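Following this line, the structures themselves.
The following pair of complexes shares a single chain, subunit A, combined with subunit B in the former and subunit C in the latter.
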Partner chain A sequence: MINIDRSSENEITILKVTGEVDASSSIQLDEEMSQVAIQGAKIIVDLSELEYISSAGLGVFMSYISDLEDKKMTLVLFGMKEKVLQVFQILGLDQLLTIEENKEEAIKKASDL
Partner chain B sequence: MFGYKAVIRLSVILGVITWLLLLLLDLTALFSAKNNIAFGLPSFAPKIALGLFVLSIVLFYRYRINKAESVNFIDLLWRVFVTGLITTVVSLAIKFLFSVFGDTSLAKNPLVINFFYHINLGLIIAFTVSTLIVWKRLILYQKTKSLLAFWRIFEYSLLGALAFDILGYALFDPFFNILLGILVLMGLVLSFNLKWVAYLNFKQKWKSILFIVLVIIYLFYFLDGLVDYSNQDVLVTDLLDSVYILASFSFISVYSLISALVILFNLPTSSVFEKKLEEAMNFQRLSQSQSQPTGQKKEQIYEILLDSTISAVFADAAWLEITEDNPPILSKYNISDKEINDVKEAVKNTALKKVINTEFDNISNSQRLSATLKGVKFKSILLFPIIAKQKQIGSIALLKEVGDSFNKEMVDIINTFVNQASISLENFQLINDAIENERYKEELKIASRVQQSLLPSALEQSEKFDIHGISVAADEVGGDYYDSFKLAEDRFALIIADVSGKGTSAAFHMSQMKGIFHSLVQLSLDPKQLMVVTNNALSQCLEKTSFITATYFEIDTKKSKVCFARAGHCPTLYYSSKSKELEYFKNKGLGLGILRNSNFEKYVQVNEFQYSSGDIIVLYTDGITEAVNGENEQFGYEKLSDTLMEYINQSPEQISNGIFEALYKFCENDSLDDDYSIVVVKFR
Partner chain C sequence: MIYKLDIACKKDHLREVRRFVSDILAQNHYPDAESNKVILAVDEICANLIIHSNDCDPNEKLQLQIDYNTKQIVFEISDHGKGFDLSEYREPSMEDLIRAKRKGGVGLLLVKRIMDDIQFLQQSGKNVCRLTKYIH
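== the complex of A and B ==
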C-alpha cells in the first residue's frame, strides 16, 4: 500500500513515497523509478512518510545504483525515519546511496553532484 | 388385508352373483305376478340385490382404474370409451334381436324383455360406474384438501342415494326429486375441476374431445334405451326409479359436456403451454450442464443455448459466436457467413436500435440489442452478449424475417437462457481453474519439500558447542537459508542468509546460495575472501533487483575464537557469560549482489571475538525483528534480546523455541507474512 507523488523543481524530480513498501508495492515503486531514471536525471526521493520498507523495496533502490554512473544520474534519498534508516544501514546501502536529512539538503546535494 | 388382485376377483364374483340374484328375484316376481302365486318375497329384495350389484362394480373399478397422472389421461378416457363401446354394441345387438323377432309373441313376453333388460342394466351400470371413477380420478388430479373433502361428501351422498333407493320411491316423488336435485347440484359444482386439461398437448386435446363426445353420445343413447324399456310397463326393476342412477347419469354427462367445452376452448392456448414446458426442459438441460461440467463440454453448452433460444422465440435464423475460445467458435442456424456479415453491418447502420441492458450489467461495452434492420433478409434481430467471469466471451444473435417481432417476454426468456448459460460456462471455467490450481498446489508442495531438504536437518555438532536452527516460511517456499560445514576437526563454518523478497523467486535464489556456499566453503577461504567470491558468483546469478544478506562465521574451537563477516545481514546477537551482557555486532558490511564489481571488497569487514563457556550467539533473519503486531509495532531488537535473557540458561533448542513462542504471542495471529529463521549456538 503505497502512494507515490511526482513533482519537479528546477530540473530536479521529486518523488514522495507514502506508506509501506512491501513485495507487491515494490513493483509500483520500480515502475515509477524507471520512468524518471533517464540520462542525467536528478532525482530526490522524499521518504519522510515511509513507514516500512521490505527487502524487495530496498532491491528497487539498489538496482539503480549502477545507473548512477552509467547514466550520469543523481539520486538522493531524504527524510527517512530512524526505523527505515536502520534498515538501509544494516544492509549497507547507506554507503552507496546519498541519504540526507531534509529536502533542502537533498536539493543542495542533488544540484552539486 | 387382501391383495388388490384378490379384491378384483372377489368383486367380479360378487358382481356376477348379485346380478344373477337380481335377475332371479325379478323373474320370480314376474312369474308370481303372472300366475298369482305368492312366494312371500319382500318387495325390496330386488332393490337390495341391485344395490349390492352396484357396490361390487364400484369395488371392481376402484381397484382397476389407476390414479391419474399427466401421462395417462388419454388412457383413462380410452378406457371409458371402450367400456361404452362394448355396452353400446351389446345393447344394439339386443335391439337387433327384438326387431328381428319384433312381431312374434316371444318379443312381447315380459320374461324375455326383463331378461334382456337386465343384461342392458348390468352393462350400463358398469359403464356409469367406470366413467364415474375415471371422472373422479381426473377431478382429484392435483387435489386440494377442500376439494377432496367435498368429493367425499358427494360420494357418501351417492351411497346414501343407493340406500334410499331400497325404500322404493319412484321417479317424480317429492323426496326422490329433492335428493336427486341436491346430487345434481353437487355434481355440477364438482364439474368445474378441470386442472388436468392444462396438461394435455394439442394432439391429446383433440383425442380427448373425440372420446368425451362419444361418451356423451353413449349416455344419451343409453338414457333413450332406458326410457324405451320403461315405457313398456313390464319392468320389475326400472333403473329410472333410482336416484343413484339418475344422479350419476347427470353428473357424468355434465362433467363430460363441461370438459369437452373447456378442452375445446383451451385448444388455441395449448401451444403456449407446450412451449413453456419446452423452455423449462431446456432450462433444466442448461442447469444440468452446470452441475456436471466435467461430463459436458463447453461446446455442448453453446449448442443447448442456441437450440433453446431458437425454439423459444421461433427464430428464423441465428448464430452464436465465441470469440474468446481458441479457435473461435461460430455456430450457425439457417444463415450463411455472408449474411452474418451483412446483418452485422446492418446492425451498425440501423437507427432503430434499442439497448436493453438491465441494472445488473456492469460491463459497459457489451450491450443487449434489439434492432430493426433494413436492406437484409432478416428485419428483426436480438443480439445478446455471452458473459463469463465478468468478461464478454461472445455473442448470440437471433433473427426473424418479420420486422419488430421480438416482444418483451421473448427478450426476458432469452435473457434467462443466456444468463444460465453464462453461469454454466463460468462454473465450467471455475472447475477447470480449480483443477489447474490443484496442480499448481501439488507442484508447490513438491517445491516446498525440495526446499525443506535444502535446509540441513541437523547442523554440525561439536563437543565444544550446542547448536540448533529452525526456519519457517510464510509461503510454501521461502528465501531463508542457514547451513554449517566442518572445515577441520576443530574448525566449523556457519552461515545464515536471507534472500530479498519472498516466495518462489526467493526460493530459487536461496538454492543458488546453497550451491555457491557448498562449492566455496570447501576451498578454506578466509571469511573476507569467501564473501568476495560469493558476491562475484551471485552477481552472475541474481536478477537486477535481488540481493542476499548473509553472515559467515568461522568457529575455531581450539582457540575458542570466532571470526565473522557480515554482508548486510541482521546484526548477530551475542551474549557474554562473563559480563552477563547482550550486544549486537554492528560491524560494517554490504549485502551480496548489491555491488556487482570489485568495489565490493572495500565494504567487507571481518571481526573476531574470543568466546568462553556459556556464551551464546543468536543468528536470525529480518522476519523476526521486523514482525509486526496489530498496532503495527515491530518485534524489534529489544524484544529479541529480552526474550533471549529469559531463556539464557537453557539449551539452544529451548532458546530458539522460546523466541518463536514469544514472536507468535506478540503477533497474535498464526499467519506469517515473512520467512523466519533462527540459529542459536551455545558454547560449552
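== the complex of A and C ==
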C-alpha cells in the first residue's frame, strides 16, 4: 500500500513515500525510518505523492521528535498535499516538525539545521 | 439514505472502508476539502476496533452503517469485540507522547477534533460507536 524509495544527496538521506500510510502500512514507514535515524543523520522526507496519512503514520514521525535533539538529527518533511498537511495541523504537529514546500527548501533547511 | 459495509477484522480492509466512505461523501456532494478528515475519523475508529477490540481476528466482523441526511451524517460502527468506555478515556498530552516516543495514542484525539459527537454504546448485544458530523 505504500512504497518508500531511499536515496541520498551529499550527506542528506531522502525518503520518498508514495501511497497511503494507515494502521496497516505504517510499519513499513517505521522500519525505514528506524534504519536511517542514526546519530547526526540529516533526513528529508518527500511526501508529495502521499495520498493519505492516519494517526499511525503521524505516530511514526512523532516518535522521532525527541531524537532530533538527543541524536542531533535533522528531519524535514516536504511537498505535502493540502489534505495531508491538514492532518498534521489538527494536532499542531505542523508546529513541532519542520515542514517545507519543496525539495529545494527542504535541502536548504536540512543543511542549515 | 442509509449505506452499509461489512468487513472482516483485518487491517488490510481499512483501505476498503476509506474508499466506501469516500464514495458516499462524493455521491452526496460533501465538500472535497472536508471529506478527507471525515474519512480519517472513520478509519481511526475502525483501526482501533480491529486492533484493540478484536485483536485483528479475521473471523470477527465490523459493520459500518452511514445515515446521510440533510442535516447530519451519522456513522455507526458495530462489532462484538471488547467494548470501549469513553468515560475512562483521558486525552493524552502531545508533550507526554513525544517524550515517551509513543507511536500510538492520537487516533481518538483526531476523531474528537473532527467529529461533532462521539458515543460508544451497547445495543442488542453489540458494541456501537456512533460518530456524528453536522452538515453546515
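Assume the second predicted complex is superposed on the first by the 113 of 113 C-alpha atoms of A that agree within 3 Å, B and C clash if a C-alpha of one lies under 4 Å from a C-alpha of the other, contacts with A are read in each partner's own complex, and residues count from 1 in each chain.
Convention: contacts are C-beta pairs under 8 Å (C-beta built on N, C-alpha and C of every residue); 3 or more make two chains touch, one makes a residue touch a chain.
In this text, all values refer to a predicted model and were calculated from it rather than measured experimentally.
When the two complexes are superposed, the chain touching more residues of subunit A, out of subunit B and subunit C, is C.
Once the two complexes are overlaid on the shared chain, A:68 sits clear of subunit B and of subunit C alike. Contacts of A:85 after superposition on the shared chain: neither subunit B nor subunit C is touched. By the document's definition of touching, of the two partners only subunit C reaches A:24; subunit B does not. Legend: residue contacts after superposition of the two complexes on their common chain; A:12 is shown touching neither subunit B nor subunit C. The intersection of subunit A residues touching subunit B with those touching subunit C, taken from the two complexes, comprises 23, 26, 30, 52, 54-56, 58-60, 62-63, 65-66, 83, 87, 90-93, 96. On subunit A, the positions that touch subunit B within their shared complex are 23, 26, 30, 51-52, 54-56, 58-60, 62-63, 65-66, 83, 87, 90-93, 95-96.
Within the complex formed with subunit C, the subunit A residues making contact are 1, 20, 22-24, 26, 30, 52, 54-56, 58-60, 62-67, 82-83, 86-87, 90-93, 96.
Per the touch definition, subunit C reaches subunit A in the complex via residues 11-12, 14-15, 18, 33, 36-37, 39-40, 43-44, 47, 50-51, 94, 97-99, 101-107, 109-110, 113-114. Per the touch definition, subunit B reaches subunit A in the complex via residues 498-503, 544-547, 549, 567-571, 586, 588-591, 594-596, 603, 622, 626, 628, 632, 634.
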